[in-house]
Structures are given as structure tokens and as C-alpha cells.
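Both complexes shown next keep chain A, but they swap its partner, so chain B is in the first and chain C is in the second.
Presenting the complex of A and B:
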């Protein structure tokens, strides 16, 4: 901190600290803290409350009528009853306008078995997407980094980036057009005579989770390729040739030389792909058109904008954060990389 | 190509075929999407071909919600760039200078928005600002997007600052420059390329963002959330036209960038 003040003076340093504090507190920590808080309470609404208030009011009317009729010594007793009833009505009404919050883990523990199975399923799907994306991307990253000539590599890079400038929704939507019932692939199959539109014997690709996988890998391919490319690129070519000269097979060279060197990149690629897949709302929403099998992210969306239960929604959202955190910690442990190696 | 790649001819050939298939995988969807923009059929399709048309381009130019969405997206993106560059720069300066055992923790928290799913950033922003009665809208979208776009720009600034030669700054101070003057004349010019890159990346990230925006945008809309809602209520090839425009803009920008880089390289080579 002293070194900052020495260079930039107290005024500028103060501005830097203020801005960072604003970002740290108001954009990162407090929102997460409030989301956690929201997930830890629920409002226990008494369904009978409205009826109880109505009944109390009708009782009050009767008592007031009694009070008018009453004479002499019974009057104070009735008046006392009226006061007591008014106090009761006031408490009931305050419960209705500002219901008491009940703190606890109920939003987490009351997850229905259906929602829980979707939660687990989404994690497994995201893991599958991560593994598949690695298998698909590794050869490409290696080729660009080590095999292609510089001009060729630049061209391949450009080819990777162009699909990325198109919006994620449109990228996914293109796959919808390809895999749809009367989409490109089914039309091709029909032309081959394998399926028939008239008999509705088309292949229902969109009902398989695989179609979401294809679109997810397509949508986030760059996040796997770039980190791996960056680390493989720093590998000395002599090491590859040495491995070759010593008689290492292609597989062995990769397993013992390239992959150990590329570990940080692989860890980052896997973390990003897993996080993006498990948290993607757009891709499953478009590919399944909200019909076949929700993903957990879609459930979260529904809690906020359809059933309007923000407490449960916050609990689901926080569960997702925990899953990502655990995944990151596991990857850091398995690949033996530190937080500084991540997100480079 | 090195001996390694083509040495065992078969594996080299397999790899080449694989790379070919991979790029077909990347580009086939773009081709399908672009073609459907020129099809007369009123539902986006390439298999039900009803003849070429430019009708949907005209339709787009009269679509008020889409046009307003573009304006909103640009407003949000400008706000995000304006907020996330100063935040990212401040964070980077503090992290590169701070010698404390909490530096790593601070670093971890400041990059955490990149490692958290986008929907979570949108949700937490919505909940937190809702407590202080700021409801969803373009302003909240700027805040939600800035939380992670600032992390991107911070990483860019940190990479640049690590290559900074502090001698220049110290010399300026020794010669009696005020720290503010020094920052403006030495530090900022040194960071200028990163400021430019950060602004471009932040702008594109903001325009493209859907998962965070959908939660924070409330009753307003951006181009992308408008496209998202069309998936539910009536698709038309107007969506494809937007895709075509994106493709064309990208190809132009990428070509200009490559030409620019080539020229720089030649100029540098000429200077020798």
C-alpha cells in the first residue's frame, strides 16, 4: 500500500481504494451475502389468516352492537372485550402485511425429489459436457499451438473466433434448426429414404440430452481451446522431438510430456466449461424449448419469474455456487494448480 | 509442419481430417442460420425452401422492439465499459503493489465473478439491490454485468502492469512531477493499449451477455433478451437476419484487424 501512495499520492490511491471497495462490496460480496440470507428464511404464511381477521371483525360488530344495548354494570365488561379484540385484530393484520420470517435450512431441505434429481442430473450432464469438450478441443489446441505453420495457425484462430462474435443465442439456435424434427439432418435422412415426414418417423434429436450437449460444447468451445492452447504454446518443441527420438509413441508423448505441461490450461478450460454448462440458462432453454426435461438453471429461473418464490430460488442458486466452488477446489487439487494459475 | 506431425503419416492424416470435421462443426450452423435469412418461408427454415428474398431485412428495419433493443444494448455496453475499466484498473494497481498475506484472498474474490455462473451474478444483484428498492432495469444490468467484466479488464491490466518498468514513474516523481501529472503522462499512456483492448472486449461481452442480463433487466430489454423472448413467442427469419449482420460485421472487423497487424509487422520489418 505504501508503494502505491509513494507513486500515486494519497489522492489517487484513495480513488483506487474506493473504486475497488465499491466493486468488492457492492458488486460481489454483499449481493452474494444477501442471496445467501434470502435463501435462509421463508415466510410461514398462515392460510387461515384472512378468515381469522374476517371473523374477528364480525365478532367486533356484534360486540359493538351489544355495547349499545348494554346498560349499567355490564357495559365496562363489554368495552374491555372490544378493546381486547381490537388488539388481536391489530396483531393479525400486522402478520398479514409483514409476516414473520422463519430462519432455517428449509429452502434447501425441502427440495422435492424431482428437483433434487434434476439438480444431480444437471451436474452429471455438465461433467459429461466438460469431458467431451476436452476430448474434442485438445487435438485442435495442440494442432494450432505446435503443428501448424504461423500463417496457418493465425487462420485457424480466426476460424475459431468468427462463430464467437455471433451471439450465444443465435449460435445455439442454429443447432435447433439443424436438429429439429423437420430440420436439416432429418430432411437429409428423409431424402435418403431412412425416415418419413408423412409417417412422423423422424428422429427426435431434441428429446435426447445429447442435443443439448452438442450445442453446449459448440457454445463454449473457445473457453476450452484457448487456455490449453496458451499452455501448450509454451512447450519447447525440442521436448517433443526428444520424446519422439527416444521412441515414444504419439499417445505416450502426449500422456507423459504434453499433458503434464498443459495442466494449468486444462484445469482452467475444464473449470470454465463446467461452470458455463451447469449454469447455462439459454442453451437448454432453447434446445429443449422448455419441453423435454428441465435443467437446474431453468428451475432457478422459474422460481424467480414464474412461481415467484425468491427464497427457494436463492437457495437453488446458492447450491449451484457451492457445486462450482467444490468443482474448482477439486480441479485445483487434482491438477495441483493455485488460484493465480487460474483465470489467466 | 514438423517431423513430429507427419512422421507417422497415418496419424497426421487422421488429425488433418479431424481438424477438417471440427471446422465443419463450427461453420455449418452459421451457414444454415444465414441461409434461412434469405428464405421466403415465414418460419426460419432451410429445408422448406420457398425462394430467395430480402424481405426479412426490410422487416428488421421496421421492428421497433429490436431497434430499441439495439439502442438499449449499446447504452448498457457503454455504461459497463465506463464502469468496469476504472474498477479493473484500480483492482490491478492495488493487487500488483500490495504486499500482504491477504493479496491472494483479494485476488481470489476479485476474479470470482468469472468463476461463478452468469445467472448467479444476475440473481444476487437483483436480490441485493431490490432490498434498497432498486428494481430490475438497464441500470441494474450495467451493475450486474460490470461485476464480471471488471474482472476481465483487471486481468488484462495486471498482465500489462507486470511488464511495467517503474523506473520511469520514479524518475518523473524525482524530477518534481506531481503524482497526478505522472499518472496521466506516464502510467496511462503505458496502459493505453490495454485500455483499448479492455474497452473492446468489455463492449462485446456486454452486448453478447444473456444469462446475467435476463435476471437483472426487469421490464426493460436488450437486443439479446428480446431475441430470447422471441424464441417463446413467434420466431421469424428476422432473427436470422440479425445473425447474418453479426457474421458480416465480424468478418469485416477481423479482416481489418488482420490487415492492420500485417501492416504493422511490415513497418517494423522495414525499420529493421
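Presenting the complex of A and C:
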């Protein structure tokens, strides 16, 4: 803080700190806190409430009529009944307009076994996507960083970035067209005579979770490649040559020299890919079109926008956040990297 | 461990249109400490990489112990390379670094650990086995690199200027150390350097390179006493140079007409009358005249006196350049001024046909 003031002066330092605080508060703390709060309460709505209010009003009408008819000593008793009924109506009405919140973990514990199995399945799918993305991206990142000549590395990089100039939805739709029943691959197979459109013997790629995997990997490939590329790029080429000179096989060299060096990048790449794929809504939505099971992200969407139950939706969403946090902690433990290494 | 000889037969190395190494024949004897000396960009590292197997020559053959090496990768050759920046693996402990070559050969962990500890003892690093390279000093890192290279029991150890990153004292110490390790193991050492002092103190023989050409291969003493080319004469040690034309020949000697008059020296190139020639004479064989009779004498302007501890360098100016006289420091010549007469014997001077000098 003091050193900041010394190097930038009070004015600029003030701006820095205000902006950072603004960012922390508005973009990180506030939405999460809101979501957490939403997830922790529910409304036990009384289905009879409307009817009860109606009945109370009709009782009130009757009582008011009674009051007009009443004489002498019975009048105060009827008046008292009217007052009591008015209080009851006010309570009922306040319950309707501002229903009481019941705080607790019920939104979490009430997840049905079907939803829970989807939750677990989605985590496994996202893990599978992460592992597959790593398997695909590590060789690419290594090639660009160490094997390719500078010109070729630039071309490869460009080739990786160009698809990202296109909207993500379009990229997913492209895969849809490739994998569809009468899509590119099936058309090719039909042309080869392997399948027949007329008999509907096409390969139903879109009904396999693998098709979602493919589209997810394609969608998030850069988030895996760039962090790995960045760390591998800083590896001294002499270390590779030294390993080679000492007789190290390709596997041993990568296992003992390159991967340990690239650990922070691998951790970051895995974390990003996992978080993006476990939370991806559009990709499973478009790729499966309801033909194979839902992903958890789709469930959350439904809770918010179809069931209109924001509290359960928030609980589901927050469960996902927790899973991501746990995943980050596990990755840090497994790769023995600290927050500092990751933020590099 | 037993060293093997290395032979380059008609080796040429081209990168695109650039010829890094011109046609070269070189024989390095088994168990020899051999240096390749030259300025940066002269092709010495290219030769090293051809021997270690990272590149194959465009033409010619590389043989180690009579076996042809062309086409074999670095892993398959009986060589180990010590890199200029050492290229230790920073995330492994020192013993794991040393044992990497054994790990690559499938030696089990207990055995390779024992061997690594042995080798670290050989290079004097007991107690540092479990540390990582970054916890060691420059000289210690050097020794880890040597132990790591020796672990694969190479017949030829290739060293790519490994001392250049060290400070002067440590460098001098490591020279003796390297020489001692070479003697103990009997492995052929090929040492690449641009530092002639380093090459002279350690080597049995030296190859001097310039612009892709091996100018001279010789023992250390011969290289210093009998340089074959103007480049070698000025690159290895210091030499005073006088230029002129040959005017006369007398059995084995040539007389060169220079700005400083007629100078006589050994006619090494068998040059003939009329050839442009250079006379080379070492500063320690050039003398201030004080009564002694010398074959060649001339007058020059005194410029300055540099004290170098045990030695003193006297600088004189001629019309074409400068002349250095190198003497043991006995406290003399403190009041030297103006014109002085200097000279040297004809048997201490070498006459060569004019050629390119080292600009270092």
C-alpha cells in the first residue's frame, strides 16, 4: 500500500484501490452472496391461503351486517369479532404479499436422487472432458512451443485462434451438423455404403455423451492449450537436449522434465476446462437436443426459468460452485502448485 | 570407463546456403584432453553437435572408436554433453539429476541412487545429494553436471564452454578439477572454448578454428611456439606483428622489409622473394636493448607501462601499430620516456605469408 502510494501517488493509488474494491464487491462478492442467500431459504406457501382470505372477507361482510342489526349489549361483542377478523385478514394478506422465509439447508438436501445422479454424472463428464482435452492439447502445446520453427508455430497458433473469431454457438452448431443423423460423417458413411438414410441405420452420434465431449473440447481447447504453451515455452531447450543426450526416451523426458516444469500451466488449463465444461449450458443443450440425458447445467436453467424456483436453482448453482472450488483445491494439491504459480 | 578416439573424415556441415564447417579431417585420440578453440561463430559448437549426434554432417563421416556414428541420435552414441548453461533439471534433486541417465537405462532406483551418490563423491559433492541444483553454487552445479554426464559411462565427454559462466577464481580452480577428473576417468574430453588461456592450461592438444576451418591442430607447446597461420599466431597468446615484403632468403630464414627496417626471421611458409609477409614475435621474446646484441633492432616511441602484478607490459608505438614488450616485474623501467631501442633474435621470429589476423 505504502509502496503503491510512493510509486503512483495518492490519486492514482486511490483509483486503483477503488476500482479493485468495486470489482471485488460488485462482480465477485455480491452475486455469489446473493446466490448463497437465495439457496438458503424457501417459502412454505400455503395453498389454501387465497381461499382463507376470501372466506375471511365473506365472514367480515356477514359480521358487518350483524353489527348493523345488533342492538345494545351485543354490539361490542360483534365489533370485537370484526376487529379480530381484520387483524387475521391483515396477517393472511401479509403472508401472501411477503411470504415468510424459512432458512435452512432444505434446498440442498431436497435434491432428488435423479437430480443428484445427474449432478454426479455431469462432474464425471466434465472430468472426462478435462482429461481428453489435456490429452489432445498437451502435444499441440508442446509442438508449438518447442518443435515447430517460429514461422510454423505462428501459423499453428493462428489456426487455433481463427475458430474463436466465430461465435461459440455457431461453432457448436458446426459440430451438430457434422455429427447429426444426416450430418457430414453419416453422409460420408452413407456414400461409402456403410449406413443407409432410407433405413435410418445412421450412427446416432448425438445420442452419445461423446458428442458433447467433442464439442466441449473443441469449444475450450484454447483454455487448455494456452496455459500449457506458456509454461512449456519457458522450458530451456537445452534441458530437452540434455535428457535426450542422456538417453531419456520421449516418455521419460516428458514425465520427468517437461510435465514437472509445465505443472502450473497444466493445473490452470485443467481448472479452466473443468469449470467451463461443468457449467456449460449451450453445448449440451444444442448437441443433445433432449435426445440424451440432461447435464446439470440444464437442470439449473430449468429451476430458474421453467420451474420458477429460484431458491432450488440457486442451491444447485451453488453446489456447482462448491464442486469447482474443491476441484481447484485438489488440482493445487495434486500438482503441488500454489495460488501464486497459478496466477502467473 | 575407457575413452575412445573420435575421427571426423571429410566432414562438411551446411545450414542452407551457409557452410558452418568446411571440409575437415580431425582425429582425437582416446583418453585425450582435446580442445577446440576459436572465436564465436567459428563452427566449434557445430563440430561438437556433430560428434554428440544432435546433427549429422552434410558430408563425410563421424567415427567414434572406429564405429560410424552418422545417423545415430545422441542417445545411441557413447558420448555425453555438458551444456554451456549446464541444463541441470531444476525440479529434481541433485542425485536424481546424476541418476537420470541410469533411469533412462532402466536401472532400478536403489542401484541408481547408490551410483549417483558414488559419482557425487567422485566430484566432491558429498552431502549435497538431496538438495536441488538451485541450492548449489556455480562451481557445485558444474560438478553435478559433470557427474550426471559421467553416470552414463561415456567414452567421450563433450564440454561446451562450461566454465564461461563462472568467475575468474572459480574458473581457474575448475580447470584443475576438470583435468583431474579427466585423468582419473580416462575418458576422452572434447572441450569447446573461446578462451585461449583455458585451452592452453588444460589441453593435451588443441584445434584452432576460424570461420569453419580448422587452422591448426597441435600440442599446446607447439601451438604456442610454432603457430602455422597469422590467425593462430595472434589468437593464441599475444604476438607482435610487423608487415612488409620479403627481400632476401638465407638458409631457412627470410628478410622482410618493414617500416622498421629489414627484419630477419624463420621462413616458416617457404615464402619467396617479393611475397607480402608478416613477422611474428612474442612479447616475452622482444627485448629493450641494454647492451645485448640482437639480430633485429629498431627504434620506437614509448607509449605506456602497464603493471600486471608479476609482469610488466611496455607498449611502444610504430608507424603502423604497436609493439608490446613483456617482462618479469623487477621494478624496472619506471622512468622510460621518448624514443627507445628494442629488438629480438631472428630465431625467435616467424615469417609467414600475409593473412588474416585475429581481431581479439
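Everything that follows uses one rule, which is that the second predicted complex is superposed on the first by the 339 of 344 C-alpha atoms of A that agree within 3 Å, B and C clash if a C-alpha of one lies under 4 Å from a C-alpha of the other, contacts with A are read in each partner's own complex, and residues count from 1 in each chain.
Operating definition for what follows: a contact is a pair of C-beta atoms (placed from the backbone, for glycine too) under 8 Å apart; a residue touches a chain by one contact, two chains touch by 3 or more.
Not measured: the values here are computed from a predicted model.
**Q** With the two complexes overlaid on their shared chain, look at chain A and say whether chain B and chain C clash or fit.
**A** Partners fit side by side after overlay.
**Q** Could you tell me if A:238 is touching chain B, chain C, both of them or neither one (first, second, both, neither)?
**A** In the superposition, A:238 contacts chain C only.
**Q** Could you look at A:256 and tell me whether it touches chain B, chain C, both or neither (first, second, both, neither)?
**A** A:256 sits against chain C, while chain B stays out of touch.
**Q** So, A:276: does it touch chain B (first), chain C (second), both, or neither?
**A** first
**Q** Tell me the contact category for A:12 with respect to chain B and chain C: first, second, both or neither.
**A** In the superposed model, A:12 contacts chain B only, not chain C.
**Q** Quick test of understanding: once the structures are aligned on A, what is the angle at the Cα centre of chain A formed with chain B and chain C, as a multiple of 10 degrees?
**A** 50
**Q** Which of the two partners, first being chain B and second being chain C, lies in contact with A:204: first, second, both, or neither?
**A** neither
**Q** Looking at the overlay, does A:100 come into contact with chain B only (first), chain C only (second), both, or neither?
**A** neither
**Q** More residues of chain A are touched by which partner: chain B or chain C?
**A** Touching more residues of chain A than the other partner does is B.
**Q** Pick one for A:247: touches chain B only (first), chain C only (second), both, or neither.
**A** second
**Q** For the superposed model, what is the least distance in angstrom between any CA atom of chain B and any CA atom of chain C?
**A** Value for chain B versus chain C, nearest C-alpha atoms: 5 Å.
**Q** Between chain B and chain C, which residues of chain A are contacted by each of them?
**A** Residues common to the chain A contacts of chain C and of chain B are 241, 244, listed in rising order.
**Q** Touching chain C in the complex: which residues of chain A?
**A** It comes out as residues 236, 238-239, 241-249, 252, 256-257, 260-261.
**Q** Could you please specify the touching residues of chain C with respect to chain A in the complex?
**A** 52-54, 73-75, 79-81, 83-85, 87-89, 91-92, 100-101, 103-105, 148-149, 151-152
**Q** For the complex, which residues does chain B have touching chain A?
**A** Touch list, chain B to chain A: 1-5, 7-8, 11, 15, 18-19, 22-23, 25-30, 32-33, 36, 44-48, 86-87, 89-91, 93-94, 97-100, 104, 106-121, 123-129, 131, 143, 146-147, 150-151, 155, 166, 169-170, 173, 178-180, 182-183, 187, 204, 207-208, 210-211, 214-215, 224, 227-228, 231-232, 239, 242-243, 246-247, 249-251, 253-254, 258.
**Q** Give every residue of chain A touching chain B within the complex, in rising order.
**A** It is residues 1, 3-4, 6-9, 11-12, 15-17, 19-20, 22-24, 26-32, 34-35, 38, 136, 139-140, 143, 146-149, 154, 156, 158-163, 165-171, 173-175, 177-178, 182-184, 187, 218, 221, 237, 240-241, 244, 250, 253, 271-272, 275-276, 278-282, 285-286, 289-290, 297, 300-301, 304, 310, 313-314, 317, 320-321, 324, 328, 339-340, 342-344 of chain A that touch chain B.
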